[in-house]
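Letters A, B, C and D name the chains as they come in the text, with residue numbers starting at 1 for each one.
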């Protein structure tokens, strides 16, 4: 993630639009981990009883990707929009983690995906509190 | 959109998960229009004073794409997650339409993008009311 | 697709970068249909024997989406890049259609997805010939 | 990237479909870095003379994201499709790096984006040679 940190430090927009880039970077890393683990979990799920898990993971990967891209665009930053998107991402992650946890003992990929979702929920919630306080 | 309608009619999951496919299809079409117009509006924006518009349109395109993909996955449908995602999409669209409206007289692409966003807001709000009533 | 046609007509970049917007619009519509049918086919696939179909459809949806977005950005148009991306999209679509055809008699969603892929291959090949001739 | 490595080790499909997961992981990391730096570079570009850079970076981010997602789906792995997609990704990256290099002295974000693209080209070329040899 060294490249991204370097990139974020080079961005002058952060100052003007008020996006907290250090906080965002933690969220981006957490979203990136989820977008990857959820994509791989969806791909590894097979069998009738895993269809719901695969579908939720596919949704999770798309939502995490869209959320992290929004976090990488300080120029168009709008606190209200970011808050709504992070809420959607956290809501999706709680549902996805709950589903993956049900198969965590049987499928290692579900356990890893659930953990990544839970970590992202925590990171995003912390950022949302700090945004609300500002 | 004939292909998609045919596809949706072929999906047995709708029945089991309770996603209203006819309602969703209208939303998908509205999101698809926005994902396209916002992508093109962002690309057409140039000049210092259009940077914020371009950034918001890039966000809008990503959010609309992720939202419509979620609408095309009845297997993992969760009403609470869908509601949060549609809320994020509508919040983004209101901000994007407001920004695009500011340049609508000067740039035809901004006028078209704003209209597509406004139409999607209306369609999604209607679907959200009907989901809440259910 | 009325909104998109209106949008494309409003884009002055087409003239400067030499992207054939009428040709591109046909390709965008074909890619859009595939991005939707492949997303829905992947979601509908369940059972051990459908895992490969679901994975290929998930890839197909992502490639079609990235390809159509490139087609909606005349400002950064590069014929060589577009040609490589359309080649990737066509290669993916041929593989996806072949896989879906194998289940087309059993699953209506596979039949629809295969047809959309095949139609896109034809449209893109035609556009690629016309680009090469230019 | 610890989470992803753990995930990849948990995936039994790799063995059956023949995707070289260690090689893929290096490529995924390089694509992930580009998808982030190109998204941020596009957002930071403003002014008439940067419109082409912004458009190419937006394309680059989408292509890198689609490519890395394909690399995270061993279940549907097809060597020919992967080769075509990596070719598209490398072709896009060379064009994007060339454009960003033109502004690298003036814009730090362009320098960082160009470097990430160049590193990805090298990593992907190495993987493609090893795939062809197999």
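Here is the rule we go by: contacts are C-beta pairs under 8 Å (C-beta built on N, C-alpha and C of every residue); 3 or more make two chains touch, one makes a residue touch a chain.
Model, not experiment: these values are computed from the prediction.
Novice: Going by the touch criterion at the top, tell me which pair is linked by more C-beta contacts: A-D or B-D.
Specialist: By number of C-beta pairs in contact, A-D is the larger.
Novice: From the centre of chain B, which other chain's Cα mean sits the farthest off?
Specialist: Greatest centre separation from chain B goes to chain D.
Novice: Cα centroid separation between chain A and chain D, in whole Å?
Specialist: Roughly 20 Å, centre to centre.
Novice: Between chain B and chain D, tell me the centre distance in angstrom, where each centre is the average of that chain's C-alpha atoms.
Specialist: 28
Novice: What are the residue numbers in chain B that touch two or more other chains?
Specialist: 43, 46, 51, 54-55, 58, 65, 69, 73-76
Novice: Which residues, counting only chain A, touch chain C once they are in their complex?
Specialist: Its residues touching chain C are 42-43, 45-48, 50-51, 54-55, 58.
Novice: Which residues of chain C touch chain D in the complex?
Specialist: Within the complex, chain C contacts chain D at residues 51-59, 62-63, 65-66, 69-70, 73-78, 80-81, 84-85, 87-88, 91-92, 95, 99.
Novice: Using the touch rule from the top, collect the residues of chain C that touch chain B in their complex.
Specialist: It comes out as residues 3-4, 6-8, 10-13, 28, 32-33, 36-37, 39-41, 43-44, 46, 61, 65, 69, 72-76, 108-109, 112-113, 115-116.
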